[in-house]
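So that you can tell them apart, the chains are marked A, B, C and D in the order they are listed, and the count of residues begins at 1 in each.
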Amino acid sequence: MELLAAGFIEDNIVPKFNYWIYVILMMIGLYAMITKNNLIKKLIGMAVFQTAIILFYVSIGVKEESGIPILGHGQHHEIVEEGKPSGEVITKDEFANPLPHVLMLTAIVVGVSTLGLALAISQRIHGSFGTLEEDEILDQLRPGGHD
Amino acid sequence: MIWQFDIIILILMVVAAIISLRVKDLLGATMVFGIYSFLICLLWAEMGAVDVAFTEAAVGAGVSTVIMTATVFSTTRRSRD
Amino acid sequence: MKFFGFIAVVVVGTLLLVATGDFPGWGNPHSPASEGQVSGFYIEQTVNVTKVPNMVTAVLADFRGYDTMFETVVIFIAGIGIIAVLRTFGDTAGKASDYPEPDEGSDIIVRSTCHLMVPLIQLFALYVVAHGHHSPGGGFQGGVMLGASYILLALACGLPVAKRRMGERKAIVLAATGIIIYAGWGVACLFFGGNFLDYASLDPVLPGDKEMARSHSMLVVEIGVAFTVTAIMFAIYSNLATRGRLEKGL
Amino acid sequence: MTEHYPVVILMAPLFGALLATLLGRGRQVACWWTALIALGISALFAVGNICAVLASGEGELRYRMGGWHESSGYEVGIELRVDMLAALVVAAVTLVGFVNTIFAKTRVTGEMREKVSFYYALNQLLIVGLCGIVMTNDAFNLYVLIEITSLTSYALIAMGNRRAALSSFNYIIMGTIGASFYLLGVGYLYIKTGTLNIDDIRGVLQSGNLWGHASITIAFILIMLGVWIKMALFPLHGWLPNAYCYAPSAVSSFMAPLMTKVMVYVMLRVMLWLFGSEYVYSSGHVWGELIIWMSIIAIVAGSFLALARTDIKKMLTYLIVAEVGYMVGGAWLVNGAGLAGSMYHIFSDAAMTFCLFLAASIVILRTGDHRLTAFNGLFRRMPLTMIGFTVGALSMIGLPPTCGFFSKWYLISGGIEAGHWAYVAALLFSSLVNAVIFFRIFERAYFGNLKGVADEQFPDDRDSAPPLTLERVPCSMLIPLFLAVMAVLLVGIYNNTLVSWLKAAMPPL
């Protein structure tokens, strides 16, 4: 049994701990979004939820023993001036995968836009209900709140 | 990529996320959320995603925290959970 | 609700953890995503076909430029959405010049330090926008920093001071101009016989060959992105900090 | 020139929106003209696009953004793909947008006041997002465009009263969960296949025989969950009724017909093109039967909830929830008739929901009452509007020659072919409930002042809704209603042509 557990940890958790942490963070965010009563807390949960997904994507792009996806000045000029076929100079194991980074730049932007809009709406809610607690708002609507 | 750093930052991130969701004062929660964003930014720089780290530093830790603070100031700091 | 949330979290979490067992190990250079043709093409060919050493910038502004255009539109939507939701055009909103230089709130040290810092921040932001081809950064990051410099000014010296440099009308015009630059550059490619956002077709009017045309065009669209982001970041802050009245700020 | 039509369809409303923002407040009429012209151009080119697809040999158009060609078999850039289904949905979106802009002219001045230019800008950006969703062939680009439509709809809904703001906040929470699940599912596909192009992903799944992998199954479940939240399938529908009911009427009359339908289109696209019908419909999965039962529950529950409402708009929104059940069920019947019925119902439901929402908005505006009591004696007072409402209602019930009859016909024949009698029974039951709902209204409208459930007093919670009532209904509202009635009838009469086009676009089952 102990051996089995150790084997499980070695096979599944050690090489993939990033993926495990992203699931944990995502579930923290999801739980907060569903159960928190305060609107701002819900939004913090939403931000945690979104960054967990970004963490997942960035983890896809990581390669062991590779650098950031920007060519140094030397590499750049070598190729351009001598016109060598690129395969000899750059191999794809040297650099991290740039595509997930690009996707996540977009996702971060979408995240901050959603957050800004949600904050504006929660300010409006506070302006007309005088509170940010969901149950207090629903209490105020109760007399006419047929659903 | 240095996996020791990676683990430390990831654990700190989980801790920061939980704290920012449990603090009763909304201003405090916002500040801890700023810390969370900085930790993420550090993590991405460490994972080789420099552009993403740069964006996160500017957006997540900078603008997001500022606009959240602005909202907390112009509404209320009170929170029951 | 707590119980329901807990159940949902447990179910989804279990699903995700099961899926994790199926992934290639973290950082494995031979996983399909890293080994794949698409990522290989970006890493090996980017500098040959666009002459931009920062692959992220090249993929962002050229290969997936269509995505980035909509990313800019998302920012724009957030900005005008916040104005549409929150802004109150009442009689309380006066002109920016009606306000005296506010001296309450922050003291002289903070204010003069900020006045000193703002130009330096803006200079660095412009460097980030312009140097995105060779180093981390680009239109979006630079734009956020430019916007942040105005936010800093508003925080330290009060919103009216910042508003004199970036009024509401100006911000909206600047934001729209940014997208017009981006999308207009894409439409211009149509007139030179290429597809939408096919920068290579612009090489008759740009210096250098087809590859340099791509590189130059990327700079143009990054500037467009920076315009929009700068204006919208400040607009978001100024509306959220004053509940849409744009009076005094925090 | 023909190959650039998709770009023109997208760019006209985008520039229209920017121009409307630049015109600013105070120039409402100019903003309206901008929106009308931009959407008119877009609609014109969308119709041209249908002809272009028909003329092309393969039945589909592909457009490579940035002119990037594939490298060793994989797309490196973003590709648009317009087949017959996509071309028709785009045409529906732009035409509804165009007609709704005519309708909005009188309405928004009262509802939005100084923010009219923002309304027109956001509305046009919403149309850009919807058209982009329909045409794109890139899984991540689809996410960005889904977020564009979501953000615009959050803002548009929140422009209503305080209850609208609260519903919009709930919509943000639910919508973000949905979109994030979709994004996560795409990430799972990317980690296993290394590409983002929808056709390439399907190719890699096929050639690498990755279908048995747990992560692919879970990616499918996540994407489906995300899309279902966005389209308000029954247990996940919580955000929809309040959001559409309290939104400004010019907003809800555009979003109610289109948002859920476009998401149904996304579901079909994910099922048939991203994963492929062999995988989705393979008998090894338990989900086929399960999802049909979910759709049956959605149909029955949506109908019951609609029956219990006394608020006109809220009743209509629950009918939308029931209609979503129709389409989801039809898509999972695993036969041509069911799938064609599901696709055809996208158009017929868009037409009849549009018709009903326009008529209901006019009635609410004219009488100042948002409950069913508003209909008392309306056949005499507003005959034209009531004719429009009647046509929409008959289509909901499913009487020929309206489009509602034909879509039910295809769905029921699909259900019979699949031998799924419970689904057939649910469709018939829903027709029955719709008949009860609408004949109750007709009775009220014909015989006048009836005392009924709806006459009970309950406090009005539309705090800031403008008490604006019109003396007479202007032409700018009746013409759109007339066009919507024409759409209901035309989609019904030309059902054969439409279904044959749709069947041509369908991948082999």
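Criterion: contacts are C-beta pairs under 8 Å (C-beta built on N, C-alpha and C of every residue); 3 or more make two chains touch, one makes a residue touch a chain.
Source: prediction; values computed, not measured.
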Between A-C and B-C, which chain pair shares more contacting C-beta pairs?
A-C
If you average the CA atoms of chain A and of chain C, how many Å lie between those two points?
18
If you average the CA atoms of chain B and of chain C, how far apart do the two points sit, in angstrom?
20
Distance between the centres, which are taken as Cα means, of chain D and chain A, whole angstrom
29
Where chain C and chain D are represented by their mean Cα positions, the distance between them in whole Å
31
Residues within chain B bordering two or more other chains:
1, 50-51, 55, 59, 63, 67, 71, 74
If I count partner chains per residue in chain A, which residues reach a count of at least 2?
17-18, 24, 30, 59-62, 64, 66, 68-70, 99-101, 105-106, 109-110, 112-114, 116-117, 119-124
Could you list which residues of chain C touch at least two other chains?
16, 21, 23, 27, 31, 33-35, 38-39, 42, 45, 54, 56, 64, 67, 71, 74, 77-78, 81-82, 85, 136, 140, 236, 240, 243
Touching pairs among all chains present in the structure
A-B, A-C, A-D, B-C, C-D
Complex contact set, residues of chain B against chain A:
1, 6-7, 10-11, 13-14, 17-18, 20-21, 26, 29-30, 33, 36-37, 40, 43-44, 47-52, 55-56, 59-60, 63-64, 67-68, 71-72, 74-76, 78-81
Complex contacts: residues of chain C adjacent to chain B
27, 54, 56-57, 136-138, 140-141, 144-145, 147-148, 151, 155, 233, 236-237, 240-243, 250
Complex interface listing, chain A residues touching chain B:
17-18, 21, 24-25, 28-29, 32, 36-38, 40-41, 43-45, 47-48, 51, 54-55, 58-59, 61-62, 64, 66-70, 96, 100-101, 104-105, 108-109, 112, 115-116, 119, 122-123, 126, 131-133
What part of chain D is in contact with chain C in the complex they form?
4, 7, 11, 14-15, 18, 21-22, 24-25, 63-68, 71-78, 113-115, 118-119, 121-122, 125, 128, 132, 138, 140-141, 144-145, 147-148, 151-152, 154-155, 158-159, 165, 184, 188, 190-196, 204, 213-215, 218-219, 221-222
Chain C touches which residues of chain B in the complex?
1, 50-51, 53-55, 58-59, 62-63, 66-67, 70-71, 73-74
